[in-house]
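Going by the order they are written in, the chains are A, B, C and D; count residues from 1 in each one.
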């Protein structure tokens, strides 16, 4: 069954920064949509902070997995939308894939339970190490791959210990960073992936593309008969089973 | 060195419900303060939703470990206070011990990353099982202890998998519940403990008292030279080490 | 692609105990093989301690997922075979699904890192609770299901904290037990499932069958280009990337 | 109460390798014993593979925390001793601190549930990063510290995901390695620490010494009334509580 993916991108750098425009002429969101769309099993839509395509209730409620890229305008994402996304993940099983600078986004913080604090620096060479080759998100990924130039993110990264730590990265200036993190959150699943600075061709990288695609399949809503959580009052199971 | 504990209690049931007043004449917060104060190493203050003692900035900033009991008035806790508590835990190392119905409190949800959803029912007998006897919070606790009557909380409990699952409870109506949960959250630590319904003498129980006290020691701010997270820009460690 | 499953059963109770023979006329291994074989994507073979079908090197090396049921003859499993199974899981990606009394088997202990100690008692009613509805092993499983009669296993269960705790069980005598456990072990994956006492019709239960089948898919060898671990001496990645 | 520590060192390099003899004139075990003994709360003994001081049953049974350094003679450690150590940890609460090349020791493999496989290389500069500043083993440790020269250990490290990942290291040749790992194993606790190649002055480093000392306190046997696991048959708790 097809998985409905929405790629949300703040979309501001894409319009103002020449380096970004050169790499992603139609915006990062459309670039990601394009490579994902080579998979016929994925139905991909996009939305941005300023539109014209917005993350409306209708689109959000029709989304199985939400990808999120934001950087300079986290504060402009309305609190009401953040709460809807949180409920959609934790209660309605939606998958959530925050990318790169989304570590400081409101949805990431609220859903994961983190301030997203880390240290950061200028572009350096990055080596992404595969710590859990048996994990579905690591499917088809070698022991390591490198990115010529990527913005340094460094520890301590103030995150909860991930349920599964899939990738950890090395930067040539001495920093390291837990870069591929799986979290179970309520009825939904979250995968954070660190590479993705807007002025580097990160989303062009074949392994980054593969990982994002693997993550969508991992995070897709589970096929479960367990009902939507509503904190209900219940009755004795023992009595029920005696009938 | 003394640990400064603040016991925050919504405090409404304590004033209006006769069963609660009989068990906790000066409120649950003062009862907890009293048994904790037998430990000379703990400095215990209290605060409630309506006062007169409030969780002021001054008190919050002078708190090492915050206990939290709330039930019918979660929504009345101001969002600004919730954010201050969140930062105090994740950035300033404060320990946080949400008790019982605090699973639906705003601070619990924001800090842990959960809606706190579960199922619930009337009073039944509860057996609390010790799953991790080697854990400091289980110090002095036997394989199990029971509570004659406690409000049933049941799974699925929509929490992140705890870093350490210390206790899990059995209820005589067929329900179970992960009842003692440790979480590392940023620079701070959280321990959620389920027993504590206001009309049952739960806080009178010797094991419950011991667990709460163990948890305070576990959750107390770490002695660490790592600076307060501020998401700073940093420079090459390799270059720095060459000097 | 088809998954090759081998069901290993000690096979002694099946030959000597009338209650077991009534439930499983051709042995538990063949009963499990039969229900699994309704899935065309599974190629299922069996082996027992005494034969005629044995877990030869040839069969073991051609096994993607090994199910293991043992009880009274753990000590008769040769240490050499245990080591081969351990390597096959941790180095060669084989999935391992120990069932019920296999908690005391040599492979379980060596692979998981546990003595398998627990407490146990006579048959009681069991309710299996689904703690992680979003997990693939919980696919199609409701919030709970019950088993009329099953041998009680109780905590403390001396296991490592599972990577994913999928199920926990309630018994009507007051015991609880973490009954569905996922572990990542080297290049392989392990799922332990507690229900399965030989004189109860456990493997006839539709949910037990579904869980075992889900677990086979979860534990099947990952599709990974990461080579077989050999603890090799390696060289500078930085130098390699400069070429 | 004093903690009884035994430092076990294979002790072969110490006798044959001049570089090691220069750094550790009385062997690594006595060097570690000396710095630990500055803490009056620790009673430290030593034992080696070849003696004269051996890890006798008497010494092992009188050990609260066992440190283990081995490299070229893992195979010479008798299986019977390995089993005794395993039981002493998992059943009798002993703490176990495998150091450096002990990742390939028999006790590490049996207790943790791992082949200990990794990749390795020649000495490079190492930076040890502190991922969990709130953890007791990280007490007094800064965000990072460096070791001028240390044998490279690299991922993938075929270990179970640690219960707590305290440290991860960076090497200047591009490798990274999860270098400080906490595991709960039965009634006992394990902390693996990677730095410690025999021809480098690793144990002279103040932070390495601090971490080992912190780890001893963390891993020391818990103060618990839970009895020694014996896999006993038990009876109905519900019936017991009715009396």
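Here is the rule we go by: a contact is a pair of C-beta atoms (placed from the backbone, for glycine too) under 8 Å apart; a residue touches a chain by one contact, two chains touch by 3 or more.
Owing to the predicted nature of the structure, the values given are computational and were not obtained by experimental measurement.
Rounded to the nearest 5 degrees, what is the angle of the rotation that puts subunit A onto subunit D, matching CA atoms?
Result for this pair is 180 degrees.
Averaging over Cα atoms per chain, report the distance between subunit A and subunit D in Å.
37
So, what's the distance in Å between the C-alpha centres of subunit C and subunit A?
Distance between chain centres: 32 Å.
Listing for subunit D: what residues touch at least two other chains?
Expected reply: 127, 130, 132-133, 143-144, 156, 161, 163-164, 172, 174-175, 184, 186-187, 226, 237-238, 241.
Which category does the touching pattern between chains fall into here: line, ring, star, complete, or other?
Shape of the chain contacts: complete, all pairs touching.
In their shared complex, at which residues does subunit D touch subunit A?
Residue positions touching the partner: 127, 129-133, 143-144, 155-157, 161, 164-165, 168-170, 172, 174-176, 178.
Please output the residues of subunit A touching subunit C within their complex, sorted ascending.
Where subunit A meets subunit C, its residues are 93, 125, 127, 130, 132-136, 138-144, 146, 163-164, 172, 184, 186-189, 221-227, 237-238, 241.
Quick one: which bits of subunit A touch subunit B in the complex? Just the residue numbers, please.
Listed in rising order, the residues of subunit A that touch subunit B are 86-87, 90-91, 104, 110-121, 124, 152, 154, 156, 158, 160-161, 163, 172-175, 183-187, 226, 229-241.
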